[in-house]
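For reference, the structure is listed below as C-alpha cells.
By written order: A, B, C and D. Residues from 1 in each chain.
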C-alpha cells in the first residue's frame, strides 16, 4: 500500500486532527465522535445541518463544514457509516431550538444509524428531520429495493440547505429546499482504477490495464458494467446520456454542471472532461449556468470522475449563489 | 494508460479549452500560444505577470491566473517548457507601459525560452524583467551547476508579486518582492508512485511496491534517494529536517506552511500530513501563521506530496493576505 | 444473579472470531461490497475484549445489553446497527426467559428475537443475500433440536451446520439488500460476508460449548474447554 | 539561387529520424530526465514535414532559417531553444560560405557554428552529458575528413561513426546540465537522449547522402538513393 498513513486504524482521527489544526479559527473538533463543526455552532435560532457518511470521500463532508454549508459532520471510518452513538452525540451538540436536519446519503448503514439516532434524539425532545440524497442514476431505482445511491450531488443539497438555513429558513423550509434540489439532481461516475482503503491495504476490486468500471459507486462498489477504456469523449457521452435521459433534462433547461474527481485524477483531466461535457450539453440545447470542476466527493485514491447535473430554477440558482465558506480554499 | 484523454497530443489544448469554457467571465484563451489570461489583461498601468512552465503541474500555472495573481500563463506541452514563440506572443499581448515580469522556474528549458523571448521583446521596446524561482532543497545548489529547481514555492512568489502589482507597485518593486519571497521559501517533495504523461503512455520511472522517492522533482525526475516506504510521521520529519536546516528556519520564526499534493494523493492524506507537520514545527518553536493544504503544483497523477515553508515578515504576511481570485474554487 | 459461563463463552467466541477474521471478512466484502465489513466488526468486538473484565455481569441480559451498546458506539456501517440490534434483542429475550432453564429453546428464542430485530432494522428478508440467510436456518435448526429435546451440544452442532449450509447457499443468491445489491446479477457467485461470519461464529460456539449442558450453566460439565 | 537536394535530404533525414524514434527518445529521456524529449522533438519536426512543400527554398540558408523558426515555434522544453539555435546558426554559416563549393569543409563549418550556438544558449560543454558529446566529435571527424580531402560520402560516414561513439560514451558520464543533472551520480550508466538522437540522425544522413558529391548538389551523382 502506498499511502501517507501512520496507524491505518487511526487514519480518520489523524486526518480530522490535521483538518482541525489547519482551521483553528473556524472549526472545532470533537475526537469522541469524529465531529468536525463550525466554531460558532450551534448558531442560536438557526436550523443546524449535520451530515454523517463514511470517511474516504473528502472533501465530503468534513471539509464542507462552514457558514452557509454544514454545521457539522461526524463521519465513520473509511467507507463505513458512523456508529449511531456518534450521530446522537453530534445531534445533542448541534441542535438548536430551531431544530436540526440530517443530510443522509441513501445507503443502508447510514440510514439505519441516522434513524436510530433520530428516534433517540426525538425522545429527548430534540427536533430532528432527515433529507435523503439519492442522485446516482447508475443504480436503477425500480429494480433494486434499496433505491438509488447518494453521491456527488450531495454537495448541491448541502449548498442549498446551508444557504436557506443561514438566512433563517425554518426546519420545514430547509427540508423542502433539500428535497427539491435532490429531486432535480442526477449523477453518474466511472472508475479507471480501484481504490485502496488504508486499513484494508489492498485495492477493493481489480481493474485490468485496459478496463474501466461505468457507474461505479463511491465506495468502490462495482458499477453498471465493466468496459474497455475508451476516449474521454466517449466516456462523457455515455455518462451524460444516462444522466440527461434520467430526469430527463431537456433543451432549454438551465443547469449546474459538476465534474467531480474521485481522488486520483488530476485537475487537468477534470478540465478536459469539463470542456467535453460543456460542448455535449450545449449541443443538446442545455445551458450551463453554473459549473463546478474539482474534487467534491471522492473515493480515496480512485482514478475516475463523476458528472452531476442540477436543473436550476430561480430559487436554486439564488441559493447556489449565496455566500459560503469551507476549509477547502486556495489562499 | 488510464487517463481521461482523447488525442494525447492534444491533451494540453483540450484541457485549456475546458478551463476557458468553465471561466468565460474571467479568463481569455488564445490557442495559438497556449495562453490563458485574465479577461481584463493587460490592465492599463499595472505591471503584468506571466508564467510559462511545462504543463502537467495544474493548477500551476494556468489555474493561478486571476486578479492578484498571474495576468497570464502560456504553458508548453506536458513537462516541456513552452516554445519561445509562445512566450514572445504572450509577452506582446500582456505587456503594459508599466512593463511585464516573467516568473520562471529554474529549469534549463524554461530559462532559455524566456531569455530568448525577453531579448526579442526588449528589442521591440517592451520592458521585461525576470524572477527566477528555485525553492527545492532536494537538489544541492553548489554541487550541480544548473542550480536548484523551482517547485511548489512558486505559488507564494506569484501570490506576493500579484498582490504587489495589483496595488500599483512599479516593475522594480514587483521584482524585488518576488526575489525576496523566493529567498525565504524552501520546499521538498517525495513520491509514492511515478506519473504517466499522456503522450508517453507509461510511467516515467518505476517504483517498487514498497519504495518511495525522496526529493523527487515535479517532472518525475528522480530525487535524492530511493527509500523504503515509511510512516507518514517519518516522511514528514525527513522532509522538514531538510527544509528547516536549509534556510535555516529557527525557533521564533513565523511561517507559512504548504502541504502540496502531487496529483494522485487524496486530500484526506494531505490533511493527515498537515497535522504531523504542524506538530513537528510547533515542537521546534516555529509558529505557523498561515497554512495551505491541497494541490498547488502537481506532477500529473503522481501520488506524493511536498512541503513548503516561507519565513514570514510583515511585508510578506500582508501580501499573502491580500485578496486574489483564481479559477480553482469550490462554489 | 450474574452472567452464565456459557453466555460469556458464546460472546467470547463471537468476538474472537470477528477479530481473527478481520482481513478475511474484508476480502469477502470487497468482492461485491466495499471491503470494510471485517474492519467494522473488529473495531466493535475489540472493545468488547479490551473491556472484558469491566463488563456489567449482573445478568446475562445486562451483559448482552452492554455488548449491544459497545457495538452501537464503536461499529459503523450497516453492521453497527444490525449487530447492535441483534445483541439488544437477544438480551431482551433472555431477560424475559426463565433464566433457570437455559436449554436450547431459550437459545432459540434469543436467536429468533435477534432475527426479528435485524429484520425490523434492515428491512431485509430471507433470500436477500444477507446474514439472515445463515441466521434463519440456524434458528430453525436450533428450534427443531429443542423440540427433539437434544442436548445443548448436539443442538449447537446442528445449528452450526445449518448456518454453514445457509452461508454457502448465499453464493447462488442475487443481493437485494446492502451495498452488494448495487451490482445486481453480478453479485451471484460470491458469498455474503455477513452470512459467512455467522457460520464461523456458530461453528466456534459449538466447538467451545461442547461440554456445556445449558446456556445458563456457570461452568462446563467436565473440564474447561480448550 | 535555391536549396540544394543534399541539404533538403539532410533535413528530411533528421526530421524523419526524430519522428520515427519518438517513443524511443521518450524512453531514453525517462531514465534520468522527464520523458518528453521524443515528444518535443517530434512535435517540431512533424510541422517541418507537414509544411514541407511550402517551405522557403530561396537558398539553403533561407531554408534552414525557416526550419529554425518552425522548431522555435513548435518545440518546447530544452530542445526547442537548443535545436532552433542550431539550425539558425547553421543557416548563418551556409549564408557566409561559398555556396558553389559545398564540400565537407562547408558542412563542417555549419556544424561548428551550430555547436557554438548550442553552447552559447545552454552553457554546456563537452563532457556534460548532452547532445554536444555526439556533435563535437562528429564535427571533429568531419573537419579531419575535409582536411584529408575525403569525398563527401566517406566524410559523412566518419562523421556518423564519431557521433555514434560519442553517444555511446555518454553512458559513462555524469550529467552536469539539463534535468538529468538532478540525479547526480545516478545518471551514470544511461545514454544521453540528445546524443543518441544526433548519432541516429548522422547515420541516416550518411546513408541517404552516399551518392552525393557535395552538399550543394542539386541531385545525387548516380541514381536517386533509396
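Descriptive notes on the structure:
Methods note: a residue touches a chain if its C-beta (ideal position, glycine included) is under 8 Å from a C-beta of that chain, and two chains touch if they have at least 3 such contacts.
Note that this is a predicted model, so its numbers are computed, not measured.
Under the contact definition stated at the top, no chain borders both chain A and chain B.
For this pair, chain B with chain C, the centres built from the Cα atoms lie 56 Å apart. Averaging Cα coordinates per chain places chain C and chain D 76 Å apart.
Averaging Cα coordinates per chain places chain A and chain C 33 Å apart.
Residue numbers of chain C whose C-beta contacts span two or more other chains: none are found.
In chain A, no residue touches at least two other chains. Chain contacts in this assembly form an open path, with each chain touching only its neighbours along a single line.
On the side of chain C, the complex with chain A involves touching residues 23, 26, 30, 32-36, 39-40, 43, 72-82, 84, 121-123, 176-184, 186.
Residues of chain B touching chain A in their complex: 2-6, 11, 14-19, 21-22, 55-56, 58-59, 63, 159, 192-193, 209, 212, 229, 231-233, 235, 263-276, 278-279, 291-295, 298, 300-301, 303, 305, 320, 324, 326, 328-331.
Against chain C, in their complex, chain A makes its touches with residues 9, 54, 76-86, 107-109, 112-113, 116, 138-139, 143-146, 149, 197, 199-200, 204-205, 217, 219-223.
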